[in-house]
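You will see two complexes here that share chain A, one where it goes with chain B and one where it goes with chain C.
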Partner chain A sequence: MTAQIGASLSADDRAEPAPTTPLLQVRGLKTVFRQGGNTVSAVDGVSFDVRHGETLAIVGESGSGKSVTAMSILRLIPSPPGEIVDGKIEFDGRDLLSLSEEEIRRVRGNDIAMIFQEPMSSLNPVLTIGRQLAEPIQVHRRAAGRKNILQRCIELLRQVRIPEPVTRLHAYPHQFSGGMRQRAMIAMALACEPKLIIADEPTTALDVTVQAQILELLKDLTRRHGTSMILITHDLGVVARYADRINVMYAGRIVERGTALQIFDNPRHPYTIGLMDSMPKLNQPPGARLRPIDGQPPDLANPPTGCRFHPRCRFAVERCQQEAPPLEQLADEHWKACWVDVDAKP
Partner chain B sequence: MSQLSVDTTTADKPPTTRLGGWQRGRFSQFVVRLARERPLGALGALICLILLFTGVFADFIAPQGYNAINPIDRLKPPSSDYWFGTDQLGRDLFSRIVHGAQLSVIVAFAATTLSIVISAGIGIISGYFGGRLDMILQRFVDGWMCFPDLIILIVAVSVLGPGTWQVILILGLLFGIAGSRIVRGAVLSAKENVYVHAAESMGASTMRILLRHILPNVMPPIIVLYTTRLAAVILAESGLSFLGLGIPPPAPSWGGMLSLDGRSYMFQAPWLAIVPGVALTLAVFGINMFGDALRDLLDPRMRGGGGRYVRLARKQAGEKK
Partner chain C sequence: MQNPEHSVLLDVQGLKVHFKLQGGLLGQRQIGTVKAVDGVSFQLRRGETLGLVGESGCGKSTTGLAILRMVEISDGRIILDGQDITTLSRRDVRRVRRKMQMVYQDPFGSLNPRMRVLDLVGEPLKIHGLIDKNIGYRAQVLELLHLVGLNPNMADRYPHEFSGGQRQRIGIARALAAQPDLIICDEPVSALDVSIQAQIINLLEDLQQRLGLTYLFIAHDLAVVRHICDSIMVMYLGQAVEIAPRDQLYDHPQHPYTQALLSAIPLPDPRAEMERGFDASLQGEVPSPVNPPSGCAFHPRCKHAWSLCSERKPALTKTADGHFVACHLHDPAVLDKAG
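Moving on, here comes the complex of A and B:
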């Protein structure tokens, strides 16, 4: 794959039978931020897999550690104050945490690409779209000639359905709309045909119709290239439609995991149940009130003992204050971390 | 303008367009825009060009050498023989001003370039890497800025001795270290931009991030710094020569001419002060105006014309009709 940057790569990948080992295995990941004398454990022992070709959603409220988990995978945690203190991240047979700085740089953008949540500010305002699109290719495929790179950029813009791609190469980011900028970001992420895309709230800054377009595009492209995706969001509507499996995070831990159907139809963790209750439903009688989750998210510098959700939990028992519950398997693919057996169905 | 023709009809044919870079036609378009949008900047550019031209071809322009003494024609007012008059030794003031332009151009550009390289270097390293390195570098800068400029200059000159290269070195260092604060401040805000994190997340090396993402985004303050410093260096060199610490006579430094000859004979021969003074003022004014215009025009966000993209899009729209 010297000068070849095009579709031949993915064609080879697809020809192989689907491997049984997951593409990405995260085990016991612990990331802390030290500030003054405090240690904030933003991610506290998170384990999950991303399988080949699947879209895994990580949902949770602000500060639940979704983004930190994603940044930890690419080792983009600013250090100091941040530090990955424990855990193992195995990607495609390699332990990402033990790679040298130079080696992890070769993974970034090449094997794992990232899409950020603010398309308005994630493009460099003084470089044209074409130059920025070319950047990942220039970094990771040094042998590719100018013509090939240019050709690839145009093809990428076409893939993300930006009309008149040749002209648009010369546009500056401020000449693009928000949706187009996010398309350009997606094109950049796809440039080196990564095996995994991490999309950190890719649609939060966009309006609803554009959101749907962008998500459809992402879904379509990942499916076509067989790319896996980690979709980080706090929007449950997005998750229901575009994710294969869901990890629900609360205060730096995964509290429930399941397929989209399991999580929405049969949530078993009190926090997930609370999330579902606080969402408006179409079959709700008019005037009915939503039920919020009481209380505030915990201070992670000083987290509650035991289960981190217990101060806000309707079902909490004494054991919840003392011991943190492990993730337990309920059914095929369905796991939860709770001592109490809660059934949400009334 | 063959590069501008863009092929969008056939997908398979290699497109006849390029990614960025300076291209034919782009420079002339820039000149047209400069003249149309910033007439004062264009005037400044003209002055800079004249200054550069005079400096480079001083030997051909000046009718006499800068130290050619004509004992009979001392302190002559401007005439057809001596356009700007003569000084107390009968040297042709026009020739001295022309040669002085050469000296000023060399000193100003060399010292300013040195100072900007130092400013950008310290500022970017200090601002981007932060932490302990930033702490150490900035305390060093603090210490340096504690001393009054004049003291540093006097000490440095007494150690190195007067002369052109000494002046360049000292002024470059003096302005460079002080200016690093401005660059550092700009870097501090630029590095927090999401596009810097995005570049990191796609595997760009630190060097690449610094040169392609940080540096272009701190260019506006650097350009302003460059032009204000250019003017300041010319003035500082004059000041040094005024104190006898600059470029020693008989070298025709404008500042030296203003102070040594101009001041002494201000009443008998006012042109000795007026001409170098006007030359200095014009040079400083021109450089400042040009720098201002340059900063505005080079920033794609402030581009009135919208750049190549808009021109291409318009052209395409025209073709469709």
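Moving on, here comes the complex of A and C:
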């Protein structure tokens, strides 16, 4: 893996060599929301793999469908108005879309855990941290007996580096700072040793110095346990530091996919190029004028024909209005969905 | 007298904003004080942009509100264009406020949903009596919409019909209507998507060029601040820890907090990230401003801290032209004694 950055673990700390079948395979996923006669196609035919032990980032702006993709995997789409209308999601040899409600509940939190953006609204304010931490362990019968469960909770808090874990078990969420709450959320996600963690903007609500600590912790823990992670974010800096591979999404579709180095060194989709040009960068000389992407993201109740990016694209040709481009392979690991051969170099 | 282009527009001297913390059964007993801003001084020259950066609770937004006289000032002076506005009466403040306008973070929450864009943007014209009879109210508003890149035929629409970026343009047009000298931008782009963020940053730069505006730019995104600001003040728990011209600050940060802040930001460049690695030096979180640490407020998180740092508060000391740092490591008097 070329993009593993600053790996701090020695080879024997790592999990056993990864099997060749991906842990998660998403194929042709389509999720819609119906409201008042309108159908919003939030995710429109998305396919990707998550391999064992890798961190895959899904990057996009608001409305790109990155969170809906994650919620679809866990079948957490509120229905109505939402519905997964097409596609296949295979996780560890099981077809998640054909599981019963009871079976998918056993997958959630146990095999696939989720970390949300706002820890305060995902924690129950009237239960102690200890109670909330013990719940997944009890539900999924990962440990039996009060003493063992307590032991496991303390161990988890220690893993996420919460000081004085024994006392903290009795604390309520409001007694924790934002960073500590997110640590507690991570402890809960780890409670059942999931194979996959889905982290949806896990640090967006945190200050930058705390963000760095939380992301380092996540990287460290996923590496140590060989856990795969889907990291959903709008922050390209976070992606560059923490992702092995990247899916760039726009208006419900994946427009480019590659390793972190491919996407940042050699972006090939006009949208990815536009994102890079829009951002002021700390490691480049100041003062250069930014080059924004013109226009606004589309209304997905009435998406543009053909390539959904074409109305904002400065490279668009006639074909882009008529036909949606498929994802095509450019190089090993590098894919893009665009009719035009764009050279990013100015 | 210097070139008026570079004259000082805003002079803030020893600004303090302390909030009383009420407690007791009826909430009438004072149980403490939050020193949201505790002795901050800086100058802002006409046509320039000063960035105010720091993490939540550092007092950057409160500083902005205090300058606008929208919170009570506990101590210090605010001098706008040569006039001391610290003790002006409410009525007089309203008159000076025309010269300083604010652009807010949340373009959704800061616009009245029941007002048409025409009136949202035109209201300041009415309030401050700026309607030019020769041009006409409507034409004046349309001109402002054009200035911020909005289609003038959208004037009769309501805020909910606009996207986030367009709403921020409306907020900017509204600020411009009062013909201000100073615009205080409080996180003006942090709620926007990256591609839209760049549109608004470019707009703010263009307007500054065309209208000679002065900006106080409050933000937490250090890459955006570097792009748009001429000089930067870094705040931590109500105090300025470092003030410097842009390149000085980014190329030679001197305060350990500024250094840690800069190294905590992930760069959108995997190669640079690989070379740089992760600086684990900044542990913990910002302490509560209700009960800040003694001495230098940053000392519990500082890897260079020694005994003096918990005992005595470091003063802002000049280390280079225009570069000031509040750290015992950079105080010549302290360094001499330490040998």
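Note that the second predicted complex is superposed on the first by the 322 of 346 C-alpha atoms of A that agree within 3 Å, B and C clash if a C-alpha of one lies under 4 Å from a C-alpha of the other, contacts with A are read in each partner's own complex, and residues count from 1 in each chain.
Going forward, a residue touches a chain if its C-beta (ideal position, glycine included) is under 8 Å from a C-beta of that chain, and two chains touch if they have at least 3 such contacts.
Predicted model, so just to flag it, every value in this text is computed and none were measured.
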item: Combined model on chain A where chain B meets chain C, clash or fit; value: fit
item: Which superposed partner A:139 touches (first chain B, second chain C, both, neither); value: first
item: Touched partner set for A:26, first chain B, second chain C, both or neither; value: neither
item: Partner chain in contact with A:286 - chain B first, chain C second, else both or neither; value: second
item: Which of chain B and chain C A:235 touches, first, second, both or neither; value: second
item: Partner chain(s) touched by A:320 [first = chain B, second = chain C, both, neither]; value: neither
item: Which of chain B and chain C A:147 touches, first, second, both or neither; value: first
item: Which of chain B and chain C A:76 touches, first, second, both or neither; value: first
item: Which superposed partner A:62 touches (first chain B, second chain C, both, neither); value: second
item: For chain A as apex, the angle formed with chain B and chain C - C-alpha centres, to the nearest 10 degrees; value: 80
item: Superposed arrangement (fit on chain A Cα atoms) - minimum chain B/chain C Cα distance in Å; value: 8
item: In the complex, chain C residues that touch chain A; value: 55-56, 163, 165-166, 193-199, 201-202, 205, 220, 222-224, 226-228, 246-247, 250, 260-262, 264-274, 277-278, 280, 282-283, 285-286
item: Residues of chain A that touch chain B when the two form their complex; value: 74, 76, 80, 105-110, 113-114, 116, 118, 121-128, 130-131, 134-136, 139-140, 146-147, 149-151, 153-154, 158, 164, 166-172, 174-175, 185, 188-189
item: Chain A to chain C touching residues, read off their complex; value: 3, 5-6, 61-62, 177-180, 207-213, 215-216, 234-242, 260-261, 264-265, 274-283, 286-287, 289-294, 296-297
item: Residues of chain B touching chain A in the complex; value: 6-8, 11, 14-15, 17-20, 131, 193-195, 197-205, 208, 212-213, 216-217, 219, 299-301, 306-310, 312-313, 316
